[in-house]
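Here come two complexes built around subunit A, the first alongside subunit B, the second alongside subunit C.
The block that comes next holds the complex of A and B.
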């Protein structure tokens, strides 16, 4: 699961008011370098919730530092404006696409419901009585 | 990319796709031919391809996602409720070398960020939909029900009024449908929904479509039985959007289940496109 995906996710379990951002408990993270496309990242920024992205990175950064040796885990600025230089776009690319939560849990901030992430796939399927 | 090239690329997706199809989920693999039509149409409308994010709702074994990735969409998210299907989809994707960084040879190669998610749509069977309910497939029966359906609409009151006034998608709370994703989170949503032919599934294709409309900010592509066309277009209109029939075709459903008496069942299906926002990339897009 990429942090881009996390950015759009919310819990829909019964009793949820807002349902996001989901907390992340990362048990295993991986880094996989994908081709950097400045234009695509640039076009993506206005569609993101930057606050949630920073939050998500904060949730997994310690685990990333432990598990990932290939790259230095980028630090994101508190805010981003309109003008994004290449260096920042690359950092955003890494955070959005190249860090993968492979094993762990997503946790609903309202109800505490835990959603398992296995082999990179979050299982958000609810039981009938949770809908 | 030409249509025939797309078709031949899709034909190389490994089969059989479902070894143990789940009947209640109405799992049928989308044929390469059908897939190539939807992908080609979406590509021509610039709804998928380079720079576009695509969500495949009820992705099954991933045919529509594979098609979207082949034509260079920048990201594809596969959402399905069946773990088995999703892992076949993942295998198929890998087999095709899609979303695989190892396959990238130079910086100019288009790369597709592929992501998977298990989630299940919340569906309340619709007793009021006569048209899509029933016990079996087959086109004769489907047509008959289509007629029954329009009769019941007529009896409801005003001609031309939507058969079932549904809330516009803006008002569909994201917490309502069981899909844990924010509204308007992707450019284009494509779906080959269950047609709702199994008991308890009545109207499920409309549930899929409504969620697809909620998730897309640009366009939705979906397959539906041609027999429900009129009802479907009215329903889309009642949501405040315009639906169009992109193509009418035959859906060749192979004999996968015991209840299929014939070897294959041909069902008339429409490829429907719902336009959410046609702004070209870089323009102002609505953000909910």
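The block that comes next holds the complex of A and C.
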């Protein structure tokens, strides 16, 4: 699960108000380099909830530093403006596309319901009594 | 094979019977007498597809490749073999080093022609009483997802449970008491079988009935056809062959009970006369789906008559045929009709009867037909009919039908689904066009993404896709982690993407999620697609909920593309759907169902072993899954997928119920209806 994906996910358990953002408990993270496409990153930025992206990175950064040796985990600025230089775009690319939470949990902020992530796939299916 | 040849039962190999006339000329069929199903199965294992040399009147003849099939022992002979075992427990057969069951009776089908001269008074068979179209829709409906099978515990007879599946309409026929349950009491579930489907209004002429039925075929409404067939039967005037001197026409306008029996290949029914006090004269049996030979036996003289019942025929048993002749269907795989061996298939029979009151006084004939219990609420259901349809409409919990016939099936067949469908990668042109036209950098929700067939099209269009699906195994195939993948590479090898999209393809964004609760934030996506998903939702409340969820996760102004199977298929399509709610079979190859055959090269030496294991897995699956069957001859497990076929305009009607959705386009392509929606 990429942090880009996390940016759009929410819990739908009965009793949640927003179910967003989901907390992340990462047990295993991986890095996989992907082709850098500046235009694609630029197109995605306005669609993102940047605050939540920073929040998500904060949740996994320690685990990333432990598990990932190939690259230095980028630090994101507090805010981003209109013009983004190549360096920042590359940082964003790494955070959005190349970091993967492979094992762990997503946690509903309202109810504390834990959703398991296995093989990079979060399981968001509710039990009958949670609907 | 005569009884005096008992000792011969121990001589093996088994006897081969060649039809007398064909002893010189080449022959296609011969009968091999075996002594038990186990013996027969062993023979099939040994000899299937083999060539053997047999001795015909002293001449050695080498056969072609054998195709062997067997029929089970009859109930009578099974009872006999039980008796024999008691008398002589030492009786044991050995074939090819294996132990076998006790001998049974030969199951060679007796040809109908042997009883051509026997006349059973009151027996009338009308061919093509039901048309082929009607038959197809009726079978789909009566064996489909909404068929009201009698709960198993109710199917007891004096000799044990009735194995075949049955449905009762109007009144329950109780196998335990061999009587009809006359009182439909609210407090007693067991008596509350579904009412009989009926026609809207009265005074139906034959022409009106035919027109109504034609239309019901087009609409895929099996319940309407059932109602029409019952009415057609009630109106039919049967010639009284009993009384040639003064011919009278017989009619059965009071028919008030239907029993539907499903006879799987090889199943039959024991010899019986229907309970006299339960039903009046005139029993009607309509055959669907398969030929069958019914055996009549005079209860005093033992004279036998074999009657061929072709599919779509109606058989009337009246007077003598109803009261003094026993009838049965012998349990076996084939029948012999005028010298021709006809393999049996699954036969669905409709038994139409007139249930009667108990005699009130001395007279045996002072009975009257019970009142008709009928309905126009389809599908007819067991139990009290709920008055509050409104309440049910709110319910979006997953029905058992979907759990067993959608979710469980896709979980089981995920690997094969991905390898066959995914590899072919056939995309609906309309959906691809929709995706291409989205602005670059769009976030697209693919709700019910399956193995991610549309992902490459979305990436290449410059968008980012998040796929959700209820089936975790299918999602695993979408990321290339399927258990049986014949690749070790990360990412599924079948998806072709350009080099700039390799990163996305390597780890697609997917989450296990229910389309009733899409795990995505409200108003977060630029667009959504929901392709080949809604036809697996079994209630209209769930269909509406799915559309509402799609509109929830998409931003205002965003677009949604929904496609689902259409009832109306092109005339050249190999698919034909005979109803709005049907089971669509999926033929699963056992090797995809387990992990044994992960490496294709392992074949040869181990193949025997693998086949055995596959067979084991296949049997396990067919036991564990509702409605799944193991086809031993083809080596396939046939799963039944629930599907709702959308009529033209149906998706549009659902959309019109949701304020936040505006229709911007709709159409039909490749057997699917689609709508293009805008969130407003």
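To be clear about the criterion, the second predicted complex is superposed on the first by the 131 of 131 C-alpha atoms of A that agree within 3 Å, B and C clash if a C-alpha of one lies under 4 Å from a C-alpha of the other, contacts with A are read in each partner's own complex, and residues count from 1 in each chain.
Just so it is clear, contacts are C-beta pairs under 8 Å (C-beta built on N, C-alpha and C of every residue); 3 or more make two chains touch, one makes a residue touch a chain.
The structure presented is a predicted model; accordingly, all values stated were derived computationally and were not measured.
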{"item": "Which superposed partner A:32 touches (first subunit B, second subunit C, both, neither)", "value": "both"}
{"item": "Partner chain(s) touched by A:16 [first = subunit B, second = subunit C, both, neither]", "value": "first"}
{"item": "Partner chain(s) touched by A:122 [first = subunit B, second = subunit C, both, neither]", "value": "both"}
{"item": "First, second, both or neither for A:40, with subunit B first and subunit C second", "value": "both"}
{"item": "Subunit B and subunit C footprints on subunit A, overlapping residues", "value": "1-2, 4-5, 8-12, 20, 32-35, 37, 39-40, 43, 46-47, 97, 120-126, 131"}
{"item": "Interface residues, subunit B side, partner subunit A - complex", "value": "51, 74-75, 77, 81, 83, 86, 101, 104, 107, 109, 111, 113, 115-120, 122, 174-182, 185, 281-282, 287"}
{"item": "Touching residues on subunit A, where the partner in the complex is subunit C", "value": "1-2, 4-5, 8-12, 20, 32-35, 37, 39-40, 42-44, 46-47, 97-98, 100, 119-126, 128, 131"}
{"item": "Subunit C - residues contacting subunit A, complex", "value": "396-398, 440-443, 462, 464, 466, 468, 470, 472, 475-476, 479, 481, 499-504, 506-507, 509-514, 516-522, 524-526"}
{"item": "Touching residues (chain side subunit A, partner subunit B) in the complex", "value": "1-2, 4-5, 8-12, 16, 19-20, 32-35, 37, 39-40, 43, 46-47, 97, 120-126, 131"}
